[in-house]
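So that you can tell them apart, the chains are marked A, B, C, D and E in the order they are listed, and the count of residues begins at 1 in each.
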Amino acid sequence: QTGPLRTGVDATFAPHAMVKLGGGLQGFNIDLGEELARRLGRKIEIEGTEFSGLVPGLNAKKYDFVLAPVTATPERAKAMLFTEGYLDTDYTFVIKKGGTAIKGLEELKGKTISVNKGSAYEMWAHDNAAKYGFKYDVYGNNADAVQAVQSGRADANLAGSTVAAWAAKQNPAVQTTYTVKTGLVWALAFRLDDKAGRDAAGNALKCMKQDGTLGKIAQKWFGYTPAPDATVVKAGVGQGVPGLDGYDATPVTPKCS
Amino acid sequence: MEQFVFTFFNAEIAGRYWQDILRGMGVTVLLSLAVIAAGLLLGLLLAVLRATGQRAATLAVVAFADIMRSLPPLIVIIVLFFAFPYVDLAMSSFTATWLALTLVLAAYAEESIWAGILALPRGQSEAARSTGLSWIQAMAWVVLPQALRMAVPPLTNRVISITKNTALGSVVALSEILNTAQAASSNAGNPTPLMLGAAAYLVIFIPVVLFARWLETRWRWKR
Amino acid sequence: MSSAPILEIVGLHKSYEDNTVLRGIDLRVRAGQLVCVIGPSGSGKSTMLRCCNRLEEPSAGQIVVDGIDIMHARTNLNEVRQKIGMVFQQFNLYPHMTALGNVMLALKKVQGHSHAEAEKRARRALEQVGLLEKAGSYPSQLSGGQQQRVGIARGIALEPKVMLFDEPTSALDPELVGSVLQVMRELRESGMTMLVVTHEMAFARAAADRVVFMDGGVIVEEGPPEQVFGDPQQARTKAFVSRYAAQH
Amino acid sequence: MSSAPILEIVGLHKSYEDNTVLRGIDLRVRAGQLVCVIGPSGSGKSTMLRCCNRLEEPSAGQIVVDGIDIMHARTNLNEVRQKIGMVFQQFNLYPHMTALGNVMLALKKVQGHSHAEAEKRARRALEQVGLLEKAGSYPSQLSGGQQQRVGIARGIALEPKVMLFDEPTSALDPELVGSVLQVMRELRESGMTMLVVTHEMAFARAAADRVVFMDGGVIVEEGPPEQVFGDPQQARTKAFVSRYAAQH
Amino acid sequence: MEALLQNFFNLQVYREVLPFLLGGLWTTVWLSLLVIPIGIVSGLALALLATQSGSRMLRIAVAVYVDFFRSFPPLVLLILIYFGAPFLGVDLPKLVAVAIGFMFNNSSYFAEVFRAGIESIPRGQMEAARSTGLSRMQALAYVVVPQATRNALPDLVGNCIEVIKLTTIASVVALPELLRVARDAQSLVYNPSPIVLAALLYLILLWPLVRWLSRLEHRNRALH
């Protein structure tokens, strides 16, 4: 295969994927995609598009894989083939600047949480709303969900820690607070029948973790040094996300050039 | 082909999400009815207001109609929903979507009904006034019934296209069909729920267009 | 002679912006009379008629109907208009109502009659114009002549003091003219006061008590039909009348 | 006598579903003749006329125009229709074109004349109806009589063998009728063959070579005007003619 | 109030994102220039089928088509076409997919507008044209359709405005039109000011059209 890798992101997902006002895209996942392509010896074309268009585009072979951050979940694993995770996805609450900090999930009782449509946080909220007694609203993109907090429509916004940190940095009216450890990861998604492609990308990811490239990219965009056992620096054993459909437990020794 | 079916018409995924879509359908139906009723009524009122010929009224109505027809409804919804809380006018996502679409539909309805009023021969209202009917009576019994009939075909197009915009409520957290379908399709990693959503739209709107066609033929009286 | 004027127009002027259409009209119509107004196109006939129930706002002058000054600020126009029936050239029937509905509307909404009473009166009026059997038809299902007769019924049902007709037959096929003129003749016999703008010279000549010839916004000549048609005093009248005679 | 028939109708029948409108019409119009068709409303006059250029599809019968059987399957209708001009009651001018444009359209698109040539011919036709100075006006800027004259010009510009007129003056204000009838008289003098459905009895009487009286879908009587009007042979003709006489 | 200005009328953000948004505006404009003519032409064709065809079946087929596509959500339609076609062995370029999707959706609306326009032309117009020897197609082209278009002009313009607003759905196939770039910018700066700026740009783009539309409606009054 020689042509460029084709993929897409939803460019409303800072700091993972976002536009440059001068043109083009930027963000953690953009750097990740470019590094990946380099290692696979291919060029890459990244399109900014709607999230709704990504999975159909993958299945229609418009895209070779989904570069946009996709949280690997059991439901999705039935429809797509994941590489191993490239980043932990913990969830962080965003509240109004100066609001009362959240110290535990029990404090969510009676509160309203805003989440981004179609995200893993929406799923989390869906699954936990009854348990902790909160309500949640689903917005078109995360900026809207944060805006909802700011204009008092929601008590807190729930988003990936990286995203939450970005929002708090950009928008002085909000701040981050409690973080939920989820044990979930972000992974690249391939078509179910494209095991070869998945494995090649998985192999490259392992190399990027081992030589610290991925960790550097994370530091560049998120501004922290990852812990040694973090997914972003620690390569997995097999191919895919353990415990999910499509996981291939056969141990892999990465071939890095 | 098999792949096509797996992707767009996946029975297993449809089975998992159809109830959600159905719930979204309830919201869409309710919202649509509210928008159609309020939008047409407001449009009618504005057209009548404009028919009074008062300069100020005309100006206000025209400005309203112009702006509402120029702005994409999504933007109106976002502003209503996110900006109005700052001036202590918070409204639910349902209310914001309803209000935005109502205003847009009212703008179009006003223009269509007004065009209908203008198209009526002046003799109609003169005949009515000459038998002693007051202005408002002539409006109610003679002018509007005819103007409304003339406005049906252009209004049908607008009613459908604007009511389909209920989908825009998704940006402000309204769980109508499209929002539910998009969320489901993203969760499932498969666009089948979107197709379910499209089917739901057809179920809702085909009766609307058929009703409009029926109205049009029923009300088409020879001139 | 006979009775007092039921319609009296004094010094009526009407201008549209810079265009003066009526330049001082004086006219009295006595109860029970049929007065025909003739004159070339654009002479202001319609305008004068329409001023009589203030469909057109006069610029100056006085109009008194049955003793009521309709130009007075305190006059309730909607009330006065019931006393002045009007029949239009283009019929102006309400296309969305049946013949009966057309006649009943003002009976119910203006005079406040019950549905039953209004229907009774409407049917009586339709009978007077010979259209009772068409009560349930919509205007589009009626011939022009029938439509115009419904228009007349709509006017007379309110039992007006005076009926105004603006070229009631000129939009009709020649064959249909007769029935409308016939109804007008019968109305006259029943004692209705009528002011009729018309191009039907034969009718004016045969049925009118008085003929008024207008030109250029003034009344040039008026008198009994034999005089206006047979022996016009004014040159303009003469020219107009002879042009018509030549054509028919 | 004189010339051969330029329009020949034989055994023409026409039904709409269960409603038979024409029940066997036989009619021959010789070149240069003006034939008027009269008859009560609904008698099938318009239908017959419209069959002559197949705007209406005849149910049975033969129609020959200038030697060409227009019912024949191989006849090119668009070609034949140029030979048969038609003038409508409602004028049917194209409102989006000037008078000149109305006349030029078929000259250019059907007869394929160059713009310049088409304009020359159109102007000649407009001149014939006395409207050259209105060439640049739109229909809405013309009076009814002027509009109808443009309608006539549109027909004659194609130099047809025969012109059909369907009540060409009945939608006109009485004052405007004269000019249209005048144009028709002049056309006649220039040798045009004309078949005219009309309610203008005076015109039929004065200008027609032959008058045809239709009733109930058949030709009841035909002959020279003096005979049909002065001494009708059939009871139905008599009744019809006398009704008209009474009204005018 | 301060917060309102900060969030919705942030001049600094406006300045920052304006060039970026202008790029989106340009996309919106040329997308519209692409899809509107397609919609008008195909809508007119459908309307002619619906009004001129002697075949009842054909007329019903057109009505079914029109009603179906007026009811079908255009976003889903576009997804189905762009991402569905490859499964049938055709890989449609974006622009082709957008053109087809809008053709289905627009033509149904335009067809209704033209149908109303054509039906408003008295039958006598066609008859007069045919009686001078014009063929049916010629009569339609020179006499009926020009008048129908003029009668329907206000609705045509109204529809065009709706189509311009609808081009926002093209973002699903990665064509970044105005609203989409505004959303992107909003996500970048976490401030909704770009949305308000986009609203202003839409207003500047569409308001002249809307004004023209009203003028048309007034002119039509003069015709009556």
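In this section, a residue touches a chain if its C-beta (ideal position, glycine included) is under 8 Å from a C-beta of that chain, and two chains touch if they have at least 3 such contacts.
Here is each chain with its UniProt name: B, E = Amino acid ABC transporter permease; C, D = Amino acid ABC transporter ATP-binding protein.
Note that the structure is a prediction, hence the values are computed from the model and not measured.
Engineer: In the touch network of chains, how many steps separate subunit B from subunit D on the shortest route?
Structural biologist: Between subunit B and subunit D, the shortest chain-hopping route counts 2.
Engineer: Rounded to the nearest 5 degrees, what angle rotates subunit C onto subunit D on CA?
Structural biologist: 175
Engineer: Can you identify which chains form the pair with the largest number of contacting C-beta pairs?
Structural biologist: Highest contact count among chain pairs: B-E.
Engineer: Going by C-alpha centroids, which chain is farthest from subunit B? Tell me that one.
Structural biologist: D
Engineer: Just how far, in Å, is the C-alpha centre of subunit B from the one of subunit A?
Structural biologist: 37
Engineer: How many Å are there between the centre of subunit C and the centre of subunit E, using C-alpha atoms for each centre?
Structural biologist: A distance of 51 Å separates the two centres.
Engineer: Distance-wise, how many Å sit between the C-alpha centres of subunit A and subunit D, to the nearest whole number?
Structural biologist: Subunit A and subunit D have C-alpha centres separated by 82 Å.
Engineer: If you look at subunit A, which of its residues touch at least two other chains?
Structural biologist: 52, 56, 59-60, 140-141, 144, 147, 151
Engineer: Which positions in subunit D touch two or more other chains at once?
Structural biologist: Not one residue in subunit D touches at least two other chains.
Engineer: Touching at least two other chains at once: which residues of subunit E meet that condition?
Structural biologist: Correct list: 3, 7, 75, 79, 83-84, 87, 192.
Engineer: Give every residue of subunit D touching subunit E within the complex, in rising order.
Structural biologist: 53, 55, 78-82, 84-86, 88, 90, 92-96, 105-106, 109-111, 140, 151, 154-155, 158
Engineer: Of all residues in subunit B, which touch subunit C in the complex?
Structural biologist: Subunit B residues touching subunit C: 121, 123-124, 126-134, 137, 141-142, 145-146, 149, 221-223.
Engineer: Taking the touch rule as given, give the residues of subunit E at its contact with subunit A in the complex, in rising order.
Structural biologist: These residues of subunit E touch subunit A: 3, 6-7, 16-17, 19-20, 23, 75, 79, 82-87, 91, 171-174, 176, 180-181, 183-192.
Engineer: So in the complex, the part of subunit E that touches subunit B is made up of which residues?
Structural biologist: Counting only subunit E, the residues touching subunit B are 1, 3-4, 7-8, 63, 67-68, 70-77, 79-80, 83-84, 87-88, 109, 112-113, 116, 154-155, 158-159, 161-162, 165-166, 168, 179, 192, 195-196, 198-199, 202-203, 205-207, 209-211, 213-214, 217-218, 220-221, 224.
Engineer: Inside the complex, what are the residues of subunit E that reach subunit D?
Structural biologist: Against subunit D, subunit E makes touches at 122, 124-125, 127-135, 138, 142-143, 146-147, 150, 223.
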